[in-house]
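Structures follow.
After this come two complexes, each holding subunit A, first together with subunit B and then together with subunit C.
== the complex of A and B ==
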């Protein structure tokens, strides 16, 4: 008999939303999560406030967790790493390691929600010296400091007077191989810039960018307030190099619109690192035989009209495992995947 | 000559002084009433700007210097750039609703109030016009129309200049039967104008940029004000 249960792999915002949707529609769902907690990257990386509404990430994720926890239609498997899969739509047998023991999960359809990982700036081709200079940090490091309300220079623990963000680190770069725009970093950097100005009002904040990509409402929800109310200083031009000068960092670039060279001293530099497929995403693609694009993200097959179907019938993908995605994208595609996964098992049950 | 935007171009002026002048610009009520939101640096203002076609002048650079709160660059622009603007406000078509023209108005006033050398130099050529406006209340007068002054206007200028009084009396509105002013300005209007120049600080500004012109104006104004009973007004 065909199995109507749906397996969701990964319990970040996408996985939680897919699971909630499936349960709300009256179907059974299993969440397989490799960590011992729900919440995914926003939880694991200690996000402070969400983009674009600056709502507390902890609170928002808790609101997503509540409907799936203690829900009789949702079975949550923690510490569970998917290692193999066989079968087909209506009858998948998914192997996983759970605390050293192999388990087999039976499901009619699968939704992969294994997300992204932050770009490792050790791989950038410029000379930003992330692993060399204490005061060069990433958006992710900055997020942790803002959450702790302790935005200080790592080198000496003092409050900074001048900081800058460098955009597109690990994105839009043919030399690195990540030609895509990571989509969220302009918004996240501007959001963090606002938070820095709120927490350290004496600190001047610069954002060096190629293009500011603040689509839709992000424009006047983040970009305009950052510039107009919080006086964040946007300069079109990317730094090529960061060198140490005394106890400061000298950032070298071009102020393109003023056509002048730029050599400015900063107390801290924040690298706006983009998204890459997580190791879990690459593993799931291999295990389920899903097509990947040249960047390693799972390739969906429907173009803009179907953002969750994969080349394997009964296996769907949602959120940032399919490419750079913000929370709106992730939540929307998770809902779409829930609907399509249910439709798939339901139709399959009718014909078999 | 291109506009030089190098860092610290006016190195003899301290950053504190540049910041003080920028604060004076920012404290102007027109600045606070949305002359500036934030700048996209998109250049639509430059595309619309007639002065930008003739000079190395950019309302965008004015707006972006202000948006970036770059006191050093603002000082350079206050000296080297603001006088190239024709104050037509075509730049008001900004998608962010900035008004670079208004920023320039304010920057010019701050430059004049603080007696910047470049402001004096920029205004040097306008002494005669300022004298005319401030003493008579009108800008150009018919008696300025002399054959020698405007040869490109043709030979008939001489004929007109010769019988200027007659020509002017041929004009229908009686208020234009004048030769020393463009139109008749009543004594009452003049007194009010003099008091406005005085009370709003315009005379102080003139004193700051052109003391000679100031002295001549004071002579003219004090005499007329005294006759009208305002003998307590001192400049």
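== the complex of A and C ==
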């Protein structure tokens, strides 16, 4: 008898949405989550406000959790790390470690929602001195401070007067190996810039960029308000290096609009780090035998026409485990994966 | 940026590779800020002004630059450049860039962010005017206008002298003492300037031949001051607007007929704010549908090219009427310049530019009018037709200074009609 249950691996926005969708359609779903909480990266990394609408991340994630928590059709397995898999569509046996015990989860189809990790700006080079200067932080560090309403210089605890963002750190870079655009960092940096201007109104904020890539409505929902209402300074030209000067940071780069060098003093520098496949994503690809692209993301097979199918029948992938994705992308692909996973188990049940 | 002396390290004696370095060579610099961004609030000074907000909206796409006439003549100008300078912390107050804009509106036409120089420049300049931070030649014109009611500094008592001088018939509203169809607001240059009077004479003749029931204000008329407003003299503009509106309200008429597109702009867009709601019409718009009633007796055999005035075309949307007037004149072969209609190239006279030629000569390679005249000559035209009173004098000067005397005539559309009427 074919199994109609669907296993969702990962309980971030993508996993939660996929699980909700499956349950709403009357199918049984199991969520395997390695942490002891739902919510994924927005929760784990203490996101302050979501892009683009600046809605509280905590509140939004809570709204995603509510429909799956205490839902009789959703079984949630916390502290569960998937370690192996065998079987095929309609009959997967997925091995996992749960608090030191091995368990086997039986499911008809699998949706991998293991997401991304933030680029570590010290991974390849120390170009911007992230591990050297206290006042050089990342978008992620900045989120935590903004969430706590405590945006201060890590070096001395004082409110900064001038801060800048440096875009495309770890993205669009052949030497690092991440040639892709991480898609969300322009919007996230601009969103954080707005929050800084709200929380520390006399702090000037600069964004050094190669291209501002806020596509679609992000242009008018984030970019324009940041510039027009919150007076964030956008400067075309990326900074190349940061040196310490007294208790400040001297940011060196080229203003490409002026075609002249800039050397500006900043109290803090925020590195707009991009997305990389998470270790969970790489593990799942290995365990399920999923094709990965050269960057390590799970490769989906249908090009733009099918964003969730993988090379293994019955295994689907949604959200940022397949490549840089914003929340809209993730939610949309999770819905698509839920539908396709159900279609797969139904069809399989009819055939067998 | 001035060098911070504390950053210079001077050594009493320094020997490099056995060679003792002296004087300037014996100096080292610390890591220093070479180039900085707005830390003094230069951008905020503009964006905090009512009307100045959009200066901060520029995202440096650069679309304004190829269409900025001042940039085209080497003026290193355009909203994108100004926004960038402000971002660098260069104060617009005290900078020549404050006065280069002719408010021609070609940048706004193409700007995706609607950075609106037509609002920004008057707002910023109004502050400069209050601080008496104005080029002298422009200040002189403000004062002349204030004192005499016209920027030429001519006697207000002589404002209607052109009528008798040119043998024209143009009764004043006071003399008529009855309602008329059209109150003709003649304007300062058409009343006082030699070439302006030629156009006034021609227009009076045309109006009379058509049997138009019109009157002028004569010595009761004062300058419309729209260009002074755009140059920052809002006080002068308001005072004159209130005076002109009061004068208009003394009389009964259906519409105000205008020679000057700048006055048209002021009466149409600004005067309602001061309680002056009148139907206003440029003479080309007024005459175009009446052209068939004129009994032309002479074929002109001119190749004519037409210069769209910024304040008639781009600012007020009238592109067809002047062309229809010209096409109705027998013998005229109308040829277009590349930059025509919406893309028309400014003569340099708007927004105070009329009175800043000396100042501008330090910042540009050639006058805007010279650039335009060269374009007109390239079309092979015999005549450059105009219908804004600033242009006749500007373009005639430019014809001479570019060495095109004898090749190109500058004529008001009304003058061409007069000529064809025999």
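Going forward, the second predicted complex is superposed on the first by the 349 of 352 C-alpha atoms of A that agree within 3 Å, B and C clash if a C-alpha of one lies under 4 Å from a C-alpha of the other, contacts with A are read in each partner's own complex, and residues count from 1 in each chain.
Following the convention adopted for this analysis, a contact is a pair of C-beta atoms (placed from the backbone, for glycine too) under 8 Å apart; a residue touches a chain by one contact, two chains touch by 3 or more.
Remember, it's a predicted structure, so these values are computed and weren't measured experimentally.
With the two structures aligned on subunit A, subunit B clashes with subunit C. Of the two partners subunit B and subunit C, more subunit A residues are in touch with C. In the superposition on chain A, A:236 makes contact with both subunit B and subunit C.
Of the two partner chains, neither subunit B nor subunit C is touched by A:66.
Once the two complexes are overlaid on the shared chain, A:245 sits against subunit C while remaining clear of subunit B.
When the two structures are aligned on the shared chain, A:104 is found in touch with neither subunit B nor subunit C.
Look at A:259: by the touch rule set out above, it reaches subunit B but stays clear of subunit C.
Touch criterion met: A:228 reaches subunit B and subunit C at once. In the superposition on chain A, no contact is made by A:148 with either subunit B or subunit C. After superposing the two complexes on chain A, the stretch of subunit C that clashes with subunit B is 133-141, out of 25-33, 133-141, 277-285 or 295-303.
Once both structures are placed on chain A, subunit A residues 224, 227-228, 231, 233-236, 257-258, 260 are touched by subunit B and, in the other complex, by subunit C.
Note for the complex: subunit A touches subunit C at residues 162, 204, 206, 212, 223-224, 227-228, 231, 233-236, 243, 245, 250, 255, 257-258, 260-265. Per the touch definition, subunit A reaches subunit B in the complex via residues 224, 227-228, 231, 233-236, 257-260.
If you check the complex, the residues on subunit C that touch subunit A are 30-39, 43-44, 47, 53, 56-57, 59-60, 84, 87-88, 113. Chain contact summary for the complex, subunit B toward subunit A: residues 5-7, 37-39, 41, 60-61, 64, 67-69, 73, 96.
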